[in-house]
Each structure stands twice: as C-alpha cells, then as structure tokens.
Amino acid sequence: MVTEDKRSWGMVIDTDKCNGCSGCVTACQVENNIPLNDQNKFERGRVMSWIRIERYWEGEFPDVKARFIPILCQHCANAPCEPVCPVYATYHNDEGLNIQVYNRCVGTRYCANGCPYIVRFFNYWEPAWPEDLRNHLNPDVTIRSRGIMEKCSFCIQRIKRGSRKAKEENRELQDGEIKPACQEACSTNAIVFGDLNDPNSEVSKLSKSESDRKYTLMPQLNTDPNVVYLATIDPLKYKDLGEKAKSNEH
Amino acid sequence: MQQRDNQNRLSQEYTNRVLLNGTLSTPRWWYPLVSVLLFFVVIGFILFGIQIKYGLGVTGLNRPVYWGLYITTFVFWVGISHAGIMISAILRITQAEWRRPVTRAAEILTIFSLATALVFPLIHAGRTWRIVYWLIPYDAARGIWPNIRSPLFMDPIAISTYLTGSTLFLFVALIPDLAVLRDRTTGFRKGFYTILALGWRGNPRQWKMQVVGGILLSALMLPIFVSVHSIVSWDFAVTPAVEGWHSTIFAPYFVIGAVHSGVSAVVTMMALMRWGWGWNDFIRPEHFDALARLLTVVATAWLGFTFLELLFALYGLDAPEIALREMQIFQYPWNLLFLTFLLTGYILPVPMWLFKRVRTNIALMFWSSILVNIGMWLERFLIIVPGLARKSPFVFTWEAYSPSWFEWYVLFWSFCWVTLLMLLFSRVFPLVPLFEQKESEVFSDSIKIGRATVPTIFREEEEEEED
Amino acid sequence: MSTNEHHMEWPPSDPKVVKEELFSSTKKGSSSLKTISKFLGVLSVLGLVGLIGKFLIDGGDQTQWGYVAAILAFIFSVTGGAPMVAIAPFIAKANWARPISRMAHVIGASAVIVNIIIMIPLLWMLPPLVVEGARRRSIWFEAPVYSPHFWDFLSLIMLAIAGLGLLYVSALPDFAIMRDNSEGFRKKIGKFLAGGFVGSTVQWSTLRMRVGVMSTLYFFIYIFVHVVISIDFSLSMVPGWRDAIYPMAHAMGGIQGGVALVIILAWIMRKYGNYENYLNINVFWALGRLMFATSLMWIYFFYSAFIVFWYGKSMSDNAWLDLLIRGPMVYVFILGMLFSFVFPWWWLIWNKVRNSINGPVIGAFIALIGVFFERIRIYVPAWSVDPKLIHDKWLTVIPGTLYPDIWDILLILGSISFVVLTVIFISRIIPFIGVWEVQQFNLLAKPVKYIKAHGIRVAKPD
C-alpha cells in the first residue's frame, strides 16, 4: 500500500463489459447533486452529466453493432484545463486528482475550451430541483451556484470519507474500499476504481496486464489521462479462429 | 477672419477658433445625440444587472460553445485599440507627416475602445462579482496568487499596461492644447485646465521635453502595442484541444488584423469629425488618401496571413481540422458569414482604394472603412465560434450556437458606449491637436523643381554633440 | 534658411561631379582587390568540388544533406532579402534610401548562379511526394507527383529573374551614362543594355513605373519563394511540424540578413571607395534603425511560434521542441538566439550606436552570423530525420547531432566566396551608388538650418 500523498487515483473502464445501461449516469446525478436535465436544457445544449455514455454505431445495416464508451473527466496528469485557469480554480492535487475549487471559480469557461473531452459543465442558471427532491440532496456535496464550472470529481467525498475512516481505524486503506457512485452502480463491473501507484491494486493490474486492449482517449494531445479504457473485443475477429479450432478438432 | 496668412498657411487664429468649436461651444446635434446614446447605454447597464442576477443563461451559449459574442466583441475592441499607437507612435517614428491631424482622434479611440474591451471579460465571466480575484489578486490571507500561466490573466495585465501607456501618451500630447484652453476659458473650467496644463508656457525647454516625452513613449509603447493583441491571440492559440485555434501564426495575424480594423475605424471617425464639426480645412482628402494607401498595404499583408492560416490548417490533413474548415467555409450559415467576411474585409474595399478618386472621396472612404470593420468582426467570430461548435469526436456534444438578443444588444451597447465617451471627451478636449496642426503648417513648404511645385517637409536632425 | 552651413557630409550638388565620382569605382581596381578575387575564385572552385564530392559520397543518403540545404537557404534568403532595403523606401517614397538602393539591388542579383547550382542536387535528394503509395503531408496536397521539385525550382528561377530584372530596370539610366561617357567594352555593354535610353520625359516616367512594378513583383515573389522553399526543404520533412508563421519567420530572417549585407557593403564602399559624402551618417543611421527593427520582427515571429508549441504540450508540439530547440542543435540554437537577437538588440538599442558609422556595421555582422546559425539550426535537424518516419503523425525518434564533413565546409566557404566574387565582378561594370538616384536625391533633399536647428528639407512629389 502506498502512502496517502503518493496515491494516484485512476479508473479502468472495460468497454467490452459496458452495455450502455446508463446506470452510472443516474448514480452520478444523484450522488453529486447534479440538477435534473429537462427538455429545455437538452434543446439549448446545456445538459449536465458528469459521466455520459457515448454511443456509436459500427458497421452497415443489418450487421450493426452499438458501441458504448462512458466518458467522464479523465483526470489528466498533464491537464490542458489547468494552466489556462487564471484563478487556480482547477489544479492538480497530490493524489493525482484534477480538482475543481468552486469557491475560486469566476466562470471564465476557459478550462472548458481547453478540455478536449468536453467533460466540463457550466452553470448557466442557479440550479433548481422540484420541491419533493430537495430532501434527497447529498449533504456531502456542495451545490454549485450559477456562473461556475463543475465536473467529475471521482467522488472526492467518498475518497475523503474512506481515507478518514481508515485513518481513524489506524489501518491502511484497502484496495476496492473506495468506490465512486458510477462503479457502485455498474451492473457489469465495467468500471474499476483505485490507486494506479499501488502495483497490487486491481486498476493497475488491469491497466497493465491486458496491454493489447489498453488505450487512452486522444493520445496525440499528450494529456496523460488517469482513466484507461480497455477496447471492445471484436467477436468477428475471433469467429474465424473459433471455427478453425473447431475444424481442427474434428 | 483671415484664414490664410501671407505664406498661404492657415492662420493660427483660424486654427484655434475652428478646432475649438466643439470644446468652447456646443454643436447643435450634440445634446440630442448624447441623450439618445445615454438612453441605450443605461439600458445596457440594466441588462447587465439582469444577467448578473439570473446567470449567463440569458445568452445563447451552451456546451461546448462556451465562448461566443462577448469574447468576439472583446477581441474586436482590443483590435480597434491598435489604431492609436499605429498612427501616433509608428507614424511618428517613421516621420509620416500626414499623421498630424489624426493622432488625437486615434489615441482617444485607443483609450475608449480599450476601456470597453476591459469591460467585456467582466460581462463574459460567470461570476463577475468575484473578478476581484483577478484584478486585485494579491490576497495574502488566502495565500493564492493568480495563475500567471493563464493567457486570461496576462490579458488584463497587457491591456491595462496599454491603457496606462496610451493615457500618458495622450496626456503628453494634450498639454500644449490644454494651455490654449486655459487661456480661453474662465471660472471652473479655467481652474480645471490650469491644473492639467501643468504650467505650460510654451518655452523651448518645455517643448523639447514634450517632444522627447512623446518619442520616448512612442518607442516604449511599441512592444506593448504588439504584445496586447499577441496575448489576446494566445487565449486561443495555446489550446490544442480546439481545432482551428492551435496555430502559430495567430499572434502576428491578430496584430495585423487589428491594425487593419483600427486604422479603418480611424477613417470612419475622421469622416464623422469632418462632417460633425466642419473641420474641412484640417481633415483633408489628402489625409484620407494617405490612410487608404497605408490600409491597402496592411490589408494585403493581412490577407497573406489569412491565406497562410488556412493553408496550414489543411496542411496537417487531420480529419477533424478539415471537417472544421469545411463547416466554416462551406456549410450554412457559416458559408454566408465567411463570404461576407472575405468580401467586406478585403475584396470590396481594397480594390476601391486603388483609385485615387475613391481615396479622396470622403463618403466612399467612410462606407468602405465601415465594411472593413464588419469583416474584421466576422473574422474574429469565424475564428472563435466554429472552432468550439465543431463536430468533435464526441457525438453527444455537438451543438450549434446562435447568440441571443441579449448578446446582440451588448454588442450594440458597446458601440453606443464608445461613441458616448468620445462625444463627452470632445466637449472637454479638442479632438484635433492644435499644436500638431500649427507645427505642420510651419514645417511644410514648397519648392520649385523644374516646372513643378513640390511640397516639402522640414525634418530635424537628431541633436549631435558638436565639439 | 541657408544651405550647407555646418560640416555635414553631403553629396556634391553638381550632377557632373556626381557622375564622375560614382563611375570612378568601376574603372579603378586596386591590386589587393585582384588578389582577393583570385583567392575567392580558388575557394569557389573548391566549393564546387565540395558539392560534387558530397554528391558522390552521400548521394544516396538524404539525412547527410542538412548543411547543403542550410547554406542554400542562407544564401538565397539573405541575398534575396537585400532588395527589400530598397523596395520598402521606394514604395513609401522615402528619399534617404536612394544612395544605397543600387547596392541592395546588386546583392539581390548576386547569388543567382550559386542558388541554382546548389538547388539541383538538393532537389534530387528531396523525398518524393508519394512514399509507398501514400502521400506525405506537404503544401502540394493533391498536386501531381513532380510538384515540389518542379515548383521549387521554378520559384527560384522566378526569384533570379525578378532580382536581375529589378537591377537592370533600376540601372537603366546609368547604363545610358556608361554608353555616353566611356570607351571600349564598357561603351558596348552600355549601348547594349541602355536600350536607347536618352532621358526623355516619357522614358523617365516609364522608368519610375517599371521600378515600381518590378519592386512590387519582387516582393511578392520573394515571399512566395520563402513559403515554398522553406516548407518543402524543411517543414514538410519533419512529421507533425505544422507551423503557419514559419515561412514568414524564415523570410523575416532573410530580410534581417539582407539589411545586414547592405550595411556591410555600404561600409566597405564608404571606407574603400571613398564615398563618405554619399554614404553619410544619415544613411547608416536609417539602416541601423532598420537593422534593429528587423531583428525585433524576427524574434517576434519566432516567439509567436515558440510560445504556441511550448504551451500546447501535445505530442507534435513536444516533438518540435525536442527536434529544433532542445534537441541535436541546442548549442547552435543558443548561438543563433544570441547572434540573431540578443546581441544586435542590446547593441543597436543605443542611440549613439545607431547614429554612427561603425555601430550599425558591427550589429550587421553579428546579425548575419546569427541568421547563418539559425538556418543551420533549422535545416540540419530537419534533414536528419529518418525519411521512413515521414508519414507519422508526430516525430518519435529524434536524430542525433550531425556535424559538417569536409565537403560541407568546402561548399559553405565556396558558395559564399562565389557570391562575393560575383559582387566584385558586378562592381567592375556598374556603379554601386546609382548616379541618377543620387542626382534625384539632391533635387529632393537639402540640408538646411531652421532658426537654431539643423535639418533636412525633403520634397515629397506626389
């Protein structure tokens, strides 16, 4: 186990396991007090969802495959959003997280332009919830006012709570003890969260062992993301192999 | 009163009387125009208050088009501000004689457009009331310094330096004229001008210091002049994530474009001054002629940079970049904007300026200079917005942008605001420098070469220490 | 207003004296000039040997040709940049540049042969547009396969023709003087070149128009050649290098070197041609300012590119920094920065230095060396890149430092010598200070005293 200040929180998303159910999106919405996205917001292009499922169609009809990639803040080690912020509202902390400090933000929206993954969201209005949902808000998460940026925090409230608990119980933080809301909600265990600097954690094993499937988004921009994707296994590629194996058996 | 003295020069009395007609008396149109402008400006302030109260939802911005009309207009006004130093400093250093009647107008255009440009980041920001973090940043209690790596932090520094420098520059050039006003006013106004004139009596030592101060400030302002728009361009150029922004040519491209639009704005303003105050003897067709020649060169250089920018956008053969350019140039509604931009920015005005008859026609120069600024505003719009509204690799974030009426009004407001400030200025200070005018009358002469009479200019040598 | 009261150096007002004095330099040749010419001739031959040797030994290996490309870029851009010193004042109707405009034109025409000789083997070495069936990135996009070679060569020929044409057009009245005032072969050359110029009103106004058109044309061709050659011979050979300001920065460096060449030549003419009255302090002062301005412009263009790469941090941005700044030529980069910008800037920023005869010359020498280093810094690493990588999105393997071999050194010395030799050769035929330019200069400008100040009264014909 690595000490606290040497951690580098990261995530591995296995797109082969993702079935596009959007459970993570909903869980994130509830956990992080994200305002509801109504029709007006969709029409005006001001939807907020810290994690979203990008859906792509592959192939020509009738051999069409739906492909899903959950996209959230990549917590880049070399984040393009950070140097452009004039007030240090977004910066890198020593646990490898790309932090958004709501209090400092003045809403220049420069970080959002810098972000190639378009995972930063601006509060165009003061957030509002229906009356009966007001008591469902998460007390651990700040409600963001109008005029500031927000984005995925890797559920920093859970990270803090977990680390605090481990400290109180005077023990090391265990791998898998901290789960962000999206991971918890994922029905197929496509999302794995953990410490990339701990060689024994599941994330580092996954991101290293299956290196032929491993990729990061937009490597040409040299952002060095902490979110690693595992490519979809193409069944067509293995179909011939399987048939060959079958014919060999006979 | 006699207009010309025995050497066929405009008499100094006539110069004083005509050039101070906006300051010592009030033109008839002044009050109605100022009231109308004031009305529009106040509405603008009210709208700004509404935006602060309810948030930037009142604009047409969305995700991912986070920057829109406000930033475009900001860049536009910073561009206009390049007129002053271009005309005053560069033409002073290169000893272009025709600059003289234009300098003051160009300098105040610089100052007011910069002041307006500085307002736009405030309008643009989500939490304007927190901008104090930017401008008064040294909050030792929090222990956080502003991020000097951010071009958006360099912007206010560069612009406020430029504003300070330009104001000083304007003031140094105003002193002799303030003394003239001091001697012609009474009461409160006299006191005001007395303080500002700093005891100017026009003795040789004072003149020498005024000239040296002007030249020194010209030279010092040049790096600032170049850096301001360069830094504004780096707002965009340092961002590799947005196609069409990450281009090395942006700094000089923006600066030359700024000179193009700024000098055109000066032409517009000169025409208005000639019509509004009747300064036909001072703002003459030959000045429009010289400005149009300068503009032809500047515009052609600018077109070359535009071409290089496009060439290198396509050079990489990257699919997203090519898709962006396709959208910017060929897809509705961008194609119409692009066509308008090319037509108004270059294709219509510049061939017109090749003819001396157009260059000396004030009405045509007025309209062609307005065309240029329509084109230059569109240029900034076409750089900033399509890059953000591009079809990115992530299909779930594609979004078009259409500015709301709120944003259009703020654009309109900025023009009213700058005009209002200029008109207020004209009531207090002369818009054409009296002493420059008189100096040019003294320095110019004519000689006979063969059969032709050729105008001449006296040029002073730099002082040499002779032993 | 009285004329010539203080002891200022000023061209004699008698047109006949001007003619005599200016033509005298074409006729008298000192023995040391002959010795120098012989020495330069030997070096030029050695340069040709160097080029042939290079071709025989490294003819199959593109990565060894960086220095050849660098010397071509250096020579064509600085000699080609020199006429700008005459063109810009001509268009702005500035009178001061008249005594040096001929020198600027001569330098512009001096490197025509060298450029073409070096260009031919380089074109041979240029990687093809289509490599292994795929088109590499270039500004020629979908153009036919022969494009870069054909157009690069054509553009250089165009520059040569424009340079010679500009010199010829602007020297026409002087050829007529030569025809009327000399004997022997000079008279023949004058008769042939002057083309019936007798100085009629129509001929003069046509001449002015011709010089104007040629100047404008030359300017556009110069920019075009820079765009084409700087991209084809360096930028497009490095994968991922996309730099829109680069052609302009390259051209600016060339103009900077061109100004330096004019200053150096003017200094030599003043010192060894005894032309103190023509090439007086006013000329050097103006040229010093120009030298200062071009140095600043160059660093501005360079920095505009640098900051974008530095901030961008993408893979291709970092590759650019690794290859061209902190890579194999890092020491040359530092020298280039010092000589192209830091030293000239800190030297020429002082009024006293600019307003002197020797000050601008020292600045010019420094800047010229700087431009040379800059060309090496760019071209040598760019050519060293493995041609197999040319299709990559960004450069992954940074080549090592390439040092010049004996052939490169011979070629560099020889080509520069040949350019100087050409200039000496031209000086035997036409005067380096335009006779008609000085005569017009005298018509339009006069030193005068106004109250207590000394100044010049300049006429501004429309």
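To keep things simple, chains are lettered A, B and C as they appear, and every chain counts its residues starting from 1.
Assume contacts are C-beta pairs under 8 Å (C-beta built on N, C-alpha and C of every residue); 3 or more make two chains touch, one makes a residue touch a chain.
The model shown is predicted, which means the values in this text are computed figures rather than measured ones.
When the mean CA coordinate of each chain is compared with the mean CA coordinate of the whole protein, which chain is closest?
It is chain B that sits nearest the middle.
Would you mind telling me which chain pair, B-C or A-C, is linked by more contacting C-beta pairs?
B-C
Calculate how many whole Å lie between the centre of chain A and the centre of chain B, each centre taken as the average of the chain's C-alpha atoms.
Measuring from centre to centre gives 46 Å for this pair.
Once you find the CA centre of chain B and the CA centre of chain C, what distance in Å lies between them?
35
Where the centres are mean C-alpha positions, what is the separation of chain A from chain C, in Å?
Comparing mean C-alpha positions, chain C is 57 Å from chain A.
Of all the residues in chain A, which ones touch at least 2 other chains?
Residues 80, 83, 221 of chain A each touch two or more of the other chains.
Provide the list of chain C residues touching at least two other chains, using ranges where the numbers run on.
Those would be 311, 313-314, 317.
Two-or-more-chain contact residues of chain B, please, as numbers and ranges.
Where chain B meets two or more other chains at a single residue, that happens at 238, 240.
Under the stated contact criterion, what part of chain C meets chain B in this complex?
The touching residues are 6, 91-92, 137-139, 141, 223, 227, 242-248, 285, 300-301, 303-305, 307-309, 311-314, 317, 351, 355, 443-444, 448, 450, 453-461.
Mind pulling up the chain B residues that touch chain A in the complex?
Its residues touching chain A are 54-57, 59, 61-67, 121, 124-128, 130-131, 133-134, 144-147, 149-153, 235, 238-242, 388, 392-397, 399-400.
Can you tell me which positions in chain C touch chain A when the two form their complex?
Per the stated touch rule, the residues are 311, 313-318, 393-394.
In the complex, go through chain B and note every residue touching chain C.
Within the complex, chain B touches chain C at residues 94, 97, 226, 230, 234, 237-238, 240, 246-252, 297, 304-305, 308-309, 311-317, 445, 447, 449, 452, 454-462, 464, 466.
Can you check the complex and tell me which residues of chain A touch chain B?
Going by the criterion above, the answer is residues 44-47, 52, 54-56, 71, 80, 83-88, 104-110, 112-118, 121-126, 145-149, 218, 221.
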